[in-house]
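Both complexes below contain subunit A, partnered by subunit B and then by subunit C.
Showing the complex of A and B:
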C-alpha cells in the first residue's frame, strides 16, 4: 500500500510540474504585461528596464525554474495588477468558488437522481420523452446563455433575485461564507442553478442508463414476484445499485465544475477563482495565471488520486496490479 | 494580507445593513472594471485614478468645465523658467486627522517619481522639490515646461507621516514580490473616506465630514461593485440593484432609454480613434513600404465611409472627426476638423496613381481597447477591399497587439488618443507625432520622422505663453492632416446610466465620474 501511495503521489507531482511548464510556454504568447502596467507617458527605455527587472527577457526555462523554486516554498509572488500576494488573492476567492460548486453539485444530484429514475421507469411516455429532449437543450446551451436568461427572467423581469455578486458574507477565519445571510443565499441561487444545468443532465442520463440495466436484472424480477411495492423497489433497491458510478462521476466532476465556474462567475460577477483567472488573462498577470493553473491542476490530481486510492481500498486486485 | 478586511457581522446586524444600504443618499455604482488598487501610483489605469480621486486629491484639479482650479494648492507662481512656487491650502486634514503640509507634497512627489514607480511618466518634467515653509513648496523642473499644472491634476497627495509609519514611502515594486501597505489602505484629503475594500466584489466609501471644500453633493455613501460583464451590468441597473454605471454598452442604449426607471447620459469622449500607418523604409515582410506614398494614404482616407461607420458600427453615437484631437482639447481648430470626404472613385484613382492596386497588407486591431473595435476594423477592411486593396484583419488581445503595433510588425493599425491626463494637444504631439527620440515619440508606432514638426513641438514645450504655444501645436496638427499621417475616424461615444434616484450628475468628456458633484433625490 505504501509503495502504491508513493507512486501515486510522485505521479501527481509530475503532472503538476508538466502543467506549469506548459503554462509557462504559453505565457510567451499572451502578450506583454508591461504595456498595461505603465501609463501612456512612460518612455521606451523605462518600459525596457521594467521588463528586464521583472525577468520577462529571461528564457522560458529560467523563468520556469525560478517560479518552481519559489512555488515549492509556497511563494507565488505578487500580482502585477493588484499588487497583492497571489496566494491570499486565490485563498480569498477559493471559498466563493467552492460554495458555488458544492451547491451546484447538490442541486444536480437532488434534481438529476429522481429525473433519471422517472425517465427509466416510464420509458416511452410523452413526459419522459420531453424531459429527455429538454436535457439535450441543457447540455447544448452554453452556460453564459443560461446565465443571461436566468438573469433576465429572475432579476430584470421578476425582480426576485440579485443579478450579480455574492451578497453579504460572514468570515470564519480564512473561510468566508455566504450561506449564513439572506442576501448571501439569494445571491447563490442563480449562479448555482446556471452551473448545475449541465451536471443535472449528466446525472440524469447516467442514472437512467444504469437503472435500465438494473431493472433487467434477476433480483428486481424476484423482488417484483415477491410483491415488493413498486415505489420501494425503484427508489430503495434498484436506485442503490446505480449509485456507485454516480458517486464516482460526481466526485471527479467537481474538478471540471471548478473549470466551468469560470464562465458562470464572469456572467454573475461572482468573486471566485474563475473571475480572478479571466481578469488575470486580460491583464497578462502572469503570477496569478501560473498559481491558478497549478492550484487547479492540484485539485484535479488530488481528486483523481483519492478516487484511485478509494478504488484500491475497495478492490484488492488493483492494489496488487500496481506492484 | 494586511489592512482592510471585510466586516464580521452577526446575522441581525448584517440584515439591517442591507436594509439600510438602500437609503436615499447612498449611490450604488456598478463599475465596468475593478479598481486595481487603493494606491494611485500602482498601475497605469485611468479608471483607477478617476475612482481614487474621490479619496485623494492633487494640488490642482479640473473643475466642471475641465479648467484647472486650485485644490490643495491655493495659488502658484513661476519664479523662474524651471521653478514653480506653490502656496498650499491651510486647515486641510487627512482622513486620519493629520494636518496637510509641504512635507506631504514632497513625500508624494518623491514617491511618484521614484524609479520603481510605474507612473513616473505622469510627471515627466519633475526634478526635485524644496520646502520653503509649512505651507509653501518650490518645485524644480528639468527645464521650462508649460504643462506642469495639467500633470499635477493627476498626482495625488499622501500623508508623509502615514507613509513613513507604514513603510510605504516607496511605490510597491512588483518585481520584489512584497505587498505594499497603500494597496489596501488609503488616507487622503478627498471628499470620501474608504470604508472597506474587497477586491473584485466591493469597495465602499463614506462621506468625509471634515472635507475642506464646500460639498455640492449630498451623498453619504458610495458602494462600488465591479460588474465586468456588460449584459449583467445592464440587467443590474434595469432591476434597480444599482444606481449608476459608467460603462453602458451602446448596443443596449435603446433598451435602457426605454425603461422608465433608468436615465441615460451620453456624450462624446475626448478620445479620438484613427488609423495609422507603418512608415519605415520596408514593411515587416521585406517589401518596400507603399504607405510612404502620400497618395496611398489619401486614397485610404477617401475609401473609408465615416458616415456609414457612425451610423452602423457606432449606432449613431460617435462624432466624426477630421483632426487628431477633440474640440475640448487646447490646440484644436474647427477649420481642421472637417472629416475627409468619402469618395470611392477618387480613392480608386489615387490607388492607381500610387501603383498600389491589389496591395496586400494587414490592419492590426485589438478586441477591447476602443468602443466596438472589432466591428469597426471589420467594416474598414471591407471598405478597403471595395476600392481594390487586399487588406487582412489582424486582431487579438491588447497585450498581444500593442507590442506588434509599436515595433512595426503591422502595416496599418488602429490608434486612439485622449490626451489624458494632460488635456492638451501637446500630449499627442510629443508622444505620437514627434520622432522617436528619448522621452519623445514613445507612441510613434510607424517610426515617422518630420524634423520641422519636431522643431515646432520643441518650441511649444518651453513656451510659457499659452497662445503662442497653441499656435505652434495647431500648425503641427494642420501639417499632420495635410500629410494624412493618421486617418481620423471619430470621437468615441461614452454612455452612463443612472437610476431615477440620481437627480444631478456631471459627465465630462474625460469620462471620469466625479461623485462629489452628484446630487441624489432625498
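Showing the complex of A and C:
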C-alpha cells in the first residue's frame, strides 16, 4: 500500500511538472510579457529595467526553476489587468466555484445513484421507461439552456430564487462561504441544479448499465439462494460492485466541472473562477491564465490520485496490487 | 420409514415463449431422506439444474412452476411468496453453486458473508455469528479458520473457495442442500476432497443432499440413489449401485457405456448417437426413441411412465408391457 502510494504521488508530481512547463511556456513566450505590461510612454531604459527585474534575461532553465519555485509557494505573479497578486484574485474566486461544483456533484450522486438502481431493477416498467426518456433530454440540453429555463421559471415567473450572484457570504480568512447565510444558500440552488443536470443523467445511466451487469453475476444469484432479501441484495451486494466506474467518473467530472463551470457561471453571473478566466482571456491576462491552468490541473491530478486510493478502499483485490 | 426431507411430486416447469409454451420439466417426482445424497444426472439441458432451481423458487422469469408439488419437511413450498421463500432459502435449503470463483462477493470478507447468512436466519449477536463463522470454516476443513475468516475471497484457492461456499450453505443448519455441479469447476484431486467433504457432512449432520452433476464418477463415489434425467423427465431412478451396474433404461445404459474405464481394453468408447431433442421438438411417445437402439412401435406411440424396475423405477416399455 505504501509503495503504491509513493508511486502514485511521484506520478502526480511528474504530471504537475509537465503542466507547469506548459504554463511557463505560455507565460514566457506567448507575446513579450514586458510589452504586455507597459504602455506607449514607457522609455526603453524603463523597459530594460523591468526586463531585468522580472528576471527575463536569465537563462530559460533558471527562469523555469524560479517559476516552479514560486508556483509551489502560490506566487503566480501580478495580474496585468488588475495589477494585483494573481493568487489572491484566484483565492477570492475559488471558493465560489468549489462550492458550486461540490453541491452539483452531491446532487448528481444523491439523485443519480438511486435512479440508476431503480431503473435497473424495474427494467421495462412504464415509470423506468419514462425516467430513461427524460434522461435523454437531460443529456441533450446544454447547461446554459437549462440555466436560462430555470431562471425563467424560478426567478422571473415564480420569483422564489435569485437569478444571479452569490448572495451574502461569510468570510473565514482564506475561504468565503455562501453556505451559512440564507441568501447565499438560495443563490446556490439554481446554478448547482443547472450544473448537475447532465451529471445526474451520466451517473444514472452508468449505474444502470453496471447494475444490469452485476445482477446477472453468480454471486448475486448465490446471495439470493442464501436468503438475502432483495433490498439488501441490490443496495449492499450489487451496488457496491458498481461503484468503481462511478467513483472514476465522478472524480473526473469534478475536475471538468471546475474547468467548465464557466458557462453556468456566466449565465448566473456567479463570481467564480470561470468568470475570472473569461475576463483573463478577453484581456490577454497571461499570469492569470497560467495560474488557472496550473490550479485546474492540480485539482485533476489530486482527484486522480484520490480515485486510485478510493479503488483500493472499495476493492480489496487492488490493495496488494503493485502496478 | 421416516418422512422424506424433500419430496417433489409431478413437478412441471414451463417457459412461456413467443408462439407457445416450452415444458422444461415434465412430471418429475423424487424424494430425498435425511442423510441421503440423491444424485441427479443427465446431459446439458436435461432439466437437472432446473429441478434444483424450481425447488428453491429461483427460476428465471418467465419460467414458472406450472404443476405438481414441492414439499419440504412436510410443508408445501411451491406456491409461497418471495418473502416467505427468502426465509426458507439459506435457512431450510442450502445452496452450492458450480463456480466457486464467481459465487462469492469479491468485496466482502468470507467472514462477513458467513455472518450475514447466519444472522439473516438465526437469532445471533454479531459476536456469536462470528464465532459460528469460524466454527463453520473449521468444519469444512479450512486451516487456521480464526485468521482466514477475515480474508477476502480472492485470497483463497478454488478448492478452498468451494469449501467456503459449502460453509455458507451450512450456515443456518439447513435440512437440505442443493449442490449444482459443485465439482465441475475444480481439478480432479480437489474434486475428490470436496466430494468426500460433502459425504462426511451429510453423514455427520444428517443433511439431505441433491447432487446435480453430469459426472457419473462423482455419482458413483458420493450418491446413495441416483435420478437420471432426459429431456425434462426422469428416465430412471433407483439405488446407485443398481442403476450403475444394472441399468434398466437404454439411455442409462448408453451413459454408462460412454464412461472410459482404465481396466477395460476398448479401442473406441461407445457413444449415444444423436443429441437430446430440443424442448420444442420432443417426439411423440418416449422422448428417447430417436436415439434408442432397442425401440419398438409402441415407443413411438405412447409415453412410458416410471415403472418399477428392480429396486428402482425406469420409464421404458422394455421394463413393463413390452415395445410391440
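Here is the rule we use: the second predicted complex is superposed on the first by the 227 of 323 C-alpha atoms of A that agree within 3 Å, B and C clash if a C-alpha of one lies under 4 Å from a C-alpha of the other, contacts with A are read in each partner's own complex, and residues count from 1 in each chain.
Quick note on the criterion: a contact is a pair of C-beta atoms (placed from the backbone, for glycine too) under 8 Å apart; a residue touches a chain by one contact, two chains touch by 3 or more.
Just so we're clear, the structure is a prediction, and the values are computed from it rather than from any experiment.
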{"item": "Contacts of A:268 with subunit B and subunit C, given as first, second, both or neither", "value": "first"}
{"item": "Subunit B versus subunit C as contact partner of A:162, first or second or both or neither", "value": "first"}
{"item": "Touched partner set for A:33, first subunit B, second subunit C, both or neither", "value": "first"}
{"item": "Which of subunit B and subunit C A:241 touches, first, second, both or neither", "value": "second"}
{"item": "Touch count on subunit A, higher of subunit B and subunit C", "value": "B"}
{"item": "Which superposed partner A:82 touches (first subunit B, second subunit C, both, neither)", "value": "first"}
{"item": "Residues of subunit A at both interfaces, subunit B in one complex, subunit C in the other", "value": "none"}
{"item": "Touch list for subunit C against partner subunit A, complex", "value": "56, 58, 82-83, 86-91, 93, 95, 97, 99, 102-109, 116-117, 120-121, 152, 154, 165, 168-169, 171-172"}
{"item": "Subunit C-facing residues of subunit A, complex", "value": "217-219, 221-230, 237, 240-241, 314-317"}
{"item": "Residues of subunit B defined as touching subunit A within the complex", "value": "1, 5-6, 8-9, 11, 14-15, 17-18, 30, 34, 36-37, 39, 42-44, 118-122, 124, 172, 174-175, 177-180, 183-184, 198-202, 225-229, 231-233, 235-236, 238-241, 368, 397-403, 420, 431, 436, 438-439, 442-443"}
{"item": "Contact footprint of subunit B on subunit A as seen in their complex", "value": "29-33, 35-46, 50, 53-55, 70, 75, 77-85, 88-89, 92-93, 148, 151-152, 155-156, 159, 162-171, 176, 180-183, 266-269, 271, 275-276, 279, 282-284"}
